[in-house]
Each structure stands twice: as structure tokens, then as C-alpha cells.
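When the chains are written out, they are named A, B, C, D and E in that same order, and each has its own residue count from 1.
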């Protein structure tokens, strides 16, 4: 991934293709590659999802633990994102090599889920000051084929959608010590307003979605925004070393919102469809 | 800790219904990833391992400089466990860098150095990256198997399959009966069995093609757990080599199937001509 | 502390005798001695020696080699590249040895040397500011005894003082050993010795003798050699049994 | 998160005491009086800026900025050669390190960068990169260190401006100056240059109001070229509001630019006079 | 600092000699080096010498909260430190591969095999337990660090005494040694590591030296206790692309016999020292000061010589019988010099030991001192039949113009 080096000829070819609204793989500017999503594929986690788009491969595992709330936010639970860039993606990620990228991705995730409009941490609280749920969202990047942010965003949302938290039947304070009873039933998270992340990549005078690795190399700046299903934007950040005109910026923002809403709807439909297969559904994992 | 009573029932079957010398279901996929030079995915029961191979390429960074030997290639391994991989419920803090992972990386490296024809690749490096997605016992051995497959997928010349297998001797005070099959060690233990008080012997061997001759060379062997009287060691070793033979047969079949699939188009081409 | 010739000196000791010597002689201060104003100080621990007419030095026990021009050393080839070999001679820096510095070597006809081989070479350049340079020929382009050492032999290291001791003309060690054994030896001034004899036992025996000579007085060398011989006989007879 | 093991950091879990003392007042915060800001500014007014260069004598270029109570120091050092990781690099690099001083915020910060500070470092780097002629110093790296001495809101914007002034002061070739400003959005209120309390309010969403805009936007731009060099938005805002807010911010950035220019001119004049 | 390259010459020689059943230091293939154990003045600290390999171990303890998974057990940590003191290629700071392998094997051998009664280290369940920490420092590396470290660990653990503790449920009182006698640890069994190296030819040696470790192909380490039980097993290829038959079965019985002996020796050494401490008897103990005491400096001191034949020591014994007087003479030649108060050094009389040192090799007035390095190659051809020996060939290639020749006679006073 870090090894993608393009000659100026290749770059110009890609640029012209995008100008003509016909990209190297035949897509239009605002078209996504086809994605494959599978959820609940790891029994040892509370929720999991695997996303495969182009050459990008993301695995998300969610684990839920009981914890004590932060003292300054006594009635909120905790949500923690951890991104691990596995060396299987590229030898450059060996050891601590992927840490920079991982921090960047987890920062975007944190920003996207920060507003209460998207994720209400209060629902994770069990007993104020004493007990709350802590949700670990662990993202494992197995292969990088461009457009990591979008892929991670979708995979995280799908995994959270599949997450089942044990239901709490009784939570009492017993002499200052919290006492909690769990049942076998599970409750699901309210994913109705979880954001997804859209990257708009500016190449030449145009902007595209879902760039491949080669297209990412051609771009000097891109905008990563997280769109909530109700049309709000929960985070925007510009990446890359280039700058953007004000007008282009607003146009990109509007485009991102439209795409985000569409993508979100499609994703939710697909997840619902998958859910209808029920528990007997065959799990493919990596064997497909 | 799991109750010892649960470990086996009266019929001499293990908790997951296997016999002593029975392996878990092994499922294999080679060439999972497009970008890597070679990759393989293996499932041994619930243990799921993903391995990618990059190289041979120019040595990079500290590994290239520190090794003074330039007549042979360098093997670089990294063993990493996904933070959510543990079956026991808790979450791992760091995916890699702890002593256990580093030891695994080293042992994997040594095992792979033993099978790769490194003398063909002087001044170059081969990277092997292991990612354990789910861990349910015998994960080191499964990763050796997966690494072998990934090397085959990458087209790197190897001498033989390196096959890993574990044998676990469950120390059970209630089990006085020497003849009991389980009393002599069970193959390919899962996490529950590994946690019982007993000894687990992990062996990486290069099994021979024909099982009639020698059992094969042992490349890496390590024991973990409690004590084992030396008199029992030989029988354990025999068992584990038997297990290696079995796994080899399975992997060999998988490789053949994969390669046939890969070469089908060209076979058609030949047929057409 | 003031010391005089023959004494054990410590760093910082002042050497008394030198200052009192008449002026017309040229005094040469060897290794381990340093002059500051009118006083001569020792800066190594060892025995203060003097050779006539007025050469003073400290004979010290040392393991690390500091290259000196013209000395013969045993080096390990660590790298091949361009038109030079890099050779480890145990000094602070690797020495360089040209492909052409061998007898009969030309641009086309290069010596067959692998990484890890041993060479017996002479230091052509040894200066504290420059990389040491080795040659395996003398000024007439002849190899003499220099060149690559066969990998049949055995290499071991010892202290620099031992090397000086065994290479001394007066040292009877090799003469005595040669009475009973046939062997080849290359002793580099850098504390590396290469030995080759007919059998492994003999090679080890020679090596033992060399190492044991470190603490043997001149008179003891003879006994040492006979001991070696006896041991060798014992070992060989033991092998026969 | 990296933990400094060589220094004694005090107990691992400690809690600032004021979260307990404030407990009763918290309800007041929600009823924040938006008609009047605490420092008597109107909503669209920014705080006064004090900017000075050359305050770190060891650095090649340095700047100190005050925006109300927010105080930031920045120093820029000589370009140094990149450690050869991936061969020769055709473009130069800017390395930014953003750090809150341990005493700068309500809660004490540890000496090592935390995730937030790392993120701010990256934002700072991306905000400056479009303005610097990176091709002028291939394979070299310019280090920019920013230290927030007092955080009273909008410290990221202050840091970006300080860094841009310091770069110019250091004589690093640049296409233009970078200015930045922050806006806090809370419902219909657009609070320019918010203080830290205002930032905290804008970051939270009031209960039982789902369709409510709130959030903070920091925008860095090159006013001389009409380019946006970095946007950082956090909260929940619809696109129209973002558009309006960015318009306000770009205008503000344009207004601020002369301050930076004047400061640099003053520095040069002073140097010139001294030489005479 | 890089390790000096292993020469082809050393490789060939070691391989060949091992094939013939000879080792450079005169041992037989399955023979270990001598083990010496010295204790420091406090509990649980010892220095172990295995040949020239030297390791210091120190056990310390403190009180900590136990792990939630094992609330009523104490903890044991083993930490191995390899610093550049032991060998120049050891990196300080970063954990090297070898130190990971050693610590993991010791962990398996002592932690996983439950050799220490950890439950007795619990003070208040779930709240406070003793945390033992074994720190191992390698002082000198001459091969087989793992065995040496394991001997040191075992000796230190069985020597260690922790302070006594009384608790009344809530508070605990740690008694200083002056109030209550310290308590030893309870060891269920005594495991030690025994290592082997297998060579290309398939022959295996026990207790390898550093050189042998570098030449060997595969390494086997068995952790064995005195009940002939296997506590850890580690068979691994060293960085070579060669395969050899494994030797676990072949050497395991040797290993157990040796382990039983070794454990016995360690136990004796520990008991001796512990008892001496109880009696407050400081004579005849093996303390650190004993290990640095200089012994006789003689030609025949076989310990100083790293290369020797198997029968070398036997000869030495014969010699000492015959030449008792001579030996005595040698010791008489030593004088004790007192450089200051409180220290004494046994210095051999310089006339004998240092007098023969050759001249130094510094440049004299731009000329070289050829003659001392003249006889580098001494080719002696011994003819089998008539035993005539040709003269040693001295090749004084003095191509330099201005040579100032020093008479070697002069150098010898």
C-alpha cells in the first residue's frame, strides 16, 4: 500500500479518466465498488463484521465489558475505538509501523461517534457512579486497497448493529457495592442514527468517492466526513497536503451528504436482509 | 478453571465429542488476499489463523542491517493476535510485542528457516506475518501450518511441509487406568483442554511422504504446562508425529485441490490445442 | 609514585630514571609512556622496560589490538564489495584489503576468497585517522608467507603480550614443539593465532601449548612441550582403546 | 496510550476536584445566557490578538500569540535531513508537535502526547503543508513545536497562526500566510472564537432536542489565495449551517491576516533599524 | 557493536573435531563444565559460574495485589537481563531475541511447572500477596546461558528467605529480620535446564560453549527435575538452513542423570550456606569474595586455558605428584604486595612471569621493528622416518630502507 508508486504518465491517465467521468475500473465518479459484508462471524465476540471492498479487507470485533464510569461523567458508559493495522496488509505496518495510520483512523471514528445525536453514552450506564458498559470496538485492517476510512466506518456500523449486550435484570446497590444480575437475553444497540464515514477525494478539478490505491496517490487533498442518517454532519476533516477552494469545499460537502444518506440506507437494508437469514445462516468468513 | 470431571465422559470421548487421536475439522483457503505475494487462511476447529507472505524482496530496516550473513536470505516473522481473538471472553491489551508473541515469532522463524531453501535468495528477505483471528488452542501449530501453505502460495521453494501439531496429556488423578486412550495424550487440544492441569507438547515436524519409513524430522518442539515423567515422553512423541502425518495428508489434499483449480484454465487451453 | 626500570608501574606513576639521564642521548619513549614538561608519566599498567641505549616502554597485558604499520595480522574477511575486501583485524575499525594485493592477482584474475575466510596480511597503512589497509604481498609482488589461510586449521585468540612473547626470537616454544610435532602456524600481532597440524588432536595440543606458554617461564617451556607430548600420546592411546 | 515510565506521574487514576464542586452549578451552564457572552463580546466578535515573533532565541523562528487568555508559543527549527527511511524524498516535510503544557488546562496533562494532542499535531501539519513550498527543500524536514501555555478556547486556531508566523519568521519559503479561526455552533448561535467554557457547551447536545445543531468548526485558510487549507469539524451540524459558518470563518480569516503581516513587518523593520 | 564474524575455519574445525568426538576444551561430548555457586551476603542472591559463563541472580519480594484470576496465589516473575558487559554484541535497552527465549524458557520451567508453592505466599486473599521477582544478570557469556541462568534461578530461589508477616485480617505487619526469623520458600520440586547442541554431522554435545553454539544446527533444552520429570522442553533450530534428526530421545537419559546430580550439588551448596548463616559462621563459605580471590598463577593452571586436550588435566595431576617441590617453588615465588590498607594482591614475582614478554611494537623513528614479527609462519616439516627437523624459516622481508634493528638480546635483560 505504501509502496504504490505511479509514473506521471499513469497519473495523467487516471486524471483524464476522472475528467471524463469514466474511471479505470469503469466506475463513475460517485460510484462505489461492490462490497461484501458479513456480520456475526466470530462467536467469541459480542458483535463482529467483516467488510471486503476491492482489495480492502476490514475485520471488526466488538467486546463488551463492565466498568466503572468516569468520575466527571458519572452517568455515561464508555465507547473505545482501537484500530490495528496488521502487517498482513503491507510489510510497512510491521511492529509499530502502522500506528500513525491507526491513530488517524481511530481519531476520525472518535469524532464521528462523539455527538450524543449519534451515540448516546447514557444508554450504556447501569448504575450512575458505579457501573457501566464499556464497548471496545476493535478494528483490524487486514488489507489496504484504498478508501480505508469509508470501509472502516461501514464495518464498524455493521458490527455495532450486530452487537448483542447481555440484558440486565437487576442492578442494585448493596451496601455501596454494586450488584448486577445478567440474563441470557440480549439487547441490541440502537443503531438508528450511527454515522457512516464518506471520503471525497479531490483529483484534478473533480472529486470522487471510494478511491482505489492508485487514485489515492493522485489526489493531494480529500475530505473525510461522517454523515448521520438524519442528515447531520458529525465530523469533517481534510486530509492530504493540498488545499481546497471554498466553493469546491461546500460542493463536496453537499455531495458527501447525499452519498452518505444513500449509502447508509443501502447498508441498513442489506444488514436487515442478512438478519432475516436467522441464526442458521452459514458463516463463510475467509473461506469463501 | 474448568472442573476436571467435565474433561471426559465415560465413553472415552473428549468434551467436544472427539476421540483421543481425532483432529478437529481443518478448513483451508489459500490465496485469500490479492495484494500479498502469498496468503493462506486456516481453521482448526475454532482456531482461525491468517498468514501472508511478502517477498523475497530487498532487506529493509533493521533486519537487513543487523544480519551479517549475506550468503542466505533472511526470514522475518511477526506473530500478532487480534485483540478480540481470545475465546475466554477477555480482551487482549496489545496485539503484539509481549514476550509470548515474540517467542512465537522467533520459533516460527526458526521453523520456516529450516524448510525454506534460503540459499537461493542471498541478500533478500522473506516476510511472514501471522494474524490470529480467533484462538482456541493449538494456535502456534495452526499458524505454522498456515505459514507453510502461504509459502506454497507465494511460490517459495520449500523442502517439505512444516506441520505443527500438539499433544496434551491430561493429568487426571481420577484416571488410574493406564489403558485408557485419553490417558496417553490427546491430539490437537482446544483451549479448554490446554487449560487443564497437564502437559502440552507442541511439535513442528517435517513428515515424510510415505508413512512407512521414519516419522519425520522434528524441527521445533516445546513443552508447556506441568511436569511429565520422561517415561511417557516417547509415547507422546509417537502420537504427535502421527498427528502431523494426518495433518499433512489433509493439507496436501487442500494444496492439490487449490492448484488444480488454479491451473484449470491453462489445462483447458492445452486441451483445446 | 616514582618508579624505575623493572618495576610494576601504574598509570600516573612518574618514571624517575629517565629524567636523570645525560642530555646527549636520544631518549625514545615507547608505548605506555608520556612526557609532560620535564616529567615522564606512565599511562598503562605493566612492567617498565628499557632497552639499550635509551628506549623505554611499558610492557602491558592487553587484548585489544591497535594497528601498527608493518605488522602482520590474521584477519577475517567480512565483506566483499567493489574491488576491496573488508577485513576484521580486531581493531576499532575494519581494515581494507584490495583484490589486487595478492600475488599474481590482476583485474581479471581475482583471488578466490569467501566471506568468513582468514587472511594473513601485513598492515600497509595504520594511522589513527585512517582506515587500516592490508596487503598480502611484499614490495616485490611476492606472496612469501602471506595470503589466504586454509580453512582446515583452527583459529583462536589470545592476549597481545602472549603473541609478542612467542614471536620473540629467544622464545624456544616453536623450536621445541617442532621437535616432536609437524605443524603450521600463523600468529598475527592482533592476538589471533591460526594453527594447523595433521590431526585435530595435534592441532588442539599445539594450541594448548601456545596458550599455556603465556604463564610459562623460559625454563618451563621445555617441560611444557614434553607435557604436551605426553598428553598427546595419552589421548592417542586412549582413542585406540 | 503511551505511558512515560521514566518520570513519576503520580497515581494512575486521579480526578480533578472541581468536578465535584461544580456539581450544583452544572444546571446553570445549560441555561447559558446566549444574548451576552461572558467577556461582553457580541457573537461574531473575535478576541483581541497579541502576536510577537522571535521570543525563543535558540529557534530559527518563533512566535507567541495571545487570544484573550489563550496563550501559545511556537518555535521552528532549521531544516534537517530526513533519516533515510524510504530513499530520497522529492519533497520536504513538515513535522509538527502540538502539546498542551501540563498546567494549561483544567485537568493536568501528562508530559507525553495523548491521542488528542497527536490528532492536533496532524491537523496542524495539514493546515501548514499547503502554504509551505515543500519542493524548495527536498529530503529535508522542518520541525515545528507548538506549546499551549494557557488553554482558554480556540487553541488549535491560535496554534496554527502562531506556527504560520513562526515559519515565516524562520524564513521558510511559503506561498502565503495561514490564518485560522474557530466558531462554536449552538442552535442558532454562531459564537466566533469561543472560550473553553463555550467550547464545552457547544460540544454537548441538550437533552430532548434531536434536531439541534451543535459543534465546533476550526478552519484554516490562505486568505491571499482564497484557499481552505484545513477544516476540522466536530459535533452534529447540517450542511447549510456548515456552509454559513465557513463563510463567516473565511471572512474572519481574511480580517486576521493583516495582524500577522503587520507583526512580520514590524520584526523586519526592527531588524533593519538595528542594522543601521 | 557487531559480533565478530564466525570464520569458515572455526566452523570446519569444530564440526570436524566434534565428529571425531573431541571438543576444544577437552571435554567429552556429553560432559558438562564445572559448576560453581557463590552466594552474596543477603538472602536469595548468588553468582553461578558454568565454565567461563557467569550469571548473577537476585530474588526480591514485595507485596502486591494478586491477579483477579488467581486471588489466593503469590506471583513469580523472572527477568533476564543481557547487557553489553557479557558480550559486546548484546544490545542494552531493547530486548534481544536470545533474552526473550531465555526468559520464556525459565518461565515455563519455574512458573508453569508450579515448582514454588505460590499459595503459601498469599497474605490476604484477593488483596495482598507476595510478589517474587528473580532478576538474572549475565556477566560473562561463554555459551549455554540458559543452563547457567536456570542453575542461578534455582539456587537463588531455594536460598531466598522472605520476611515473616502477621495479619489480623485488615492490617498486615511485615517483621524485619531482627524481630522474626525470615522464612524460606517452599519448593515442590527442583527443575534445572540441561542444554544440548546438535551439529551438522548429527553428533550432539552437552553444555555447549559459545563457539559451539555458533556452529551448531539445532538446540535442545530440557527442564528436568530430580524426580526425572520433564518440566519444559525446547527444541529449536538455530539460524541455519539444515535439518538434523532430533535427539530428544537419545540424550534424555543423560540429561536426567546429570540433572539429578546437578540438583544435588545445588541443594548441597544452598544448604551449606544457609546453615552457615544460621550459625553465623562465616568461615569456609562460598561467598562472592571467594570467587574473585586469585589462586595460583601457574603454567599448569588448566582453568585459564580455554583450549586443551582431554587428558590435559590428567597430566597436570601426574605432574603435581611428581613435581610437588617445583610447585611449591612456584608459589614461593609469589609475593604479596600491599598497595594500601585493606587490600592485598597476590602478585607473582615479576622476574619470572613477566620477564619474557617480547618487545613492544611501537614505531621507532619511522622504522618498523620487523624482527619481532618475523616468525609468524613457522613451517616445520617433520619427516616420519628419520625425524630430522628442518630449521625454522625466518623470513625477514625487510623491504624498508631505513631499518633500525634492535637486538633481541637487548630486549631480554
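As a working rule, a contact is a pair of C-beta atoms (placed from the backbone, for glycine too) under 8 Å apart; a residue touches a chain by one contact, two chains touch by 3 or more.
Chain by chain, the UniProt names read as follows: A = Ribosomal RNA-processing protein 42; B = Putative exosome complex component RRP41; C = Exosome complex component RRP40; D = Exoribonuclease phosphorolytic domain-containing protein; E = Exosome complex component RRP45.
Since the structure is predicted, the reported quantities are computational estimates derived from the model, not experimental observations.
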item: Relative to chain A, chain with the most remote C-alpha centre; value: C
item: By number of C-beta contact pairs, the top two chains; value: C-E
item: Distance between the centres, which are taken as Cα means, of chain E and chain B, whole angstrom; value: 36
item: CA centroid of chain D to CA centroid of chain E, Å; value: 59
item: Chain centre separation in whole Å, for chain C relative to chain B (CA means); value: 52
item: Mean-CA-position distance for chain B and chain A (Å); value: 33
item: Contacts with two or more other chains, residues of chain C listed in rising order; value: 78, 115
item: Touching two or more other chains - residue numbers and ranges from chain B; value: 68
item: Chain E residues counted as touching two or more neighbouring chains; value: 5
item: Chain D-touching residues of chain A, taken from the complex the two chains share; value: 2, 71-72, 103-104, 106-107, 110-111, 114-118, 221, 223, 225, 228, 230-246, 249-250, 253-254, 257
item: Chain A residues within the chain B interface of the complex; value: 1, 42-45, 48, 55, 57, 59, 61-63, 65, 82, 84, 86-91, 94-95, 136, 138, 140, 142-145, 285-288
item: Touching residues (chain side chain E, partner chain B) in the complex; value: 2-3, 5, 95, 97, 100-101, 103-104, 107-108, 112-114, 189, 224-225, 227-246, 248-249, 252-253, 256
item: Residue ranges of chain E touching chain C (in the complex, touch as defined); value: 4-13, 16-17, 20, 22, 24, 26, 297-301, 304-312, 314-315, 319, 347, 350, 352-365, 368-382, 389, 392, 395, 397, 399-400, 406, 408-413
item: List of chain B residues in touch with chain A within their complex; value: 27, 29, 32-36, 39, 41, 43, 46, 48, 50-52, 54, 57, 60, 76, 78, 80, 82-87, 89, 91, 95-97, 127, 129, 131, 133-134, 136
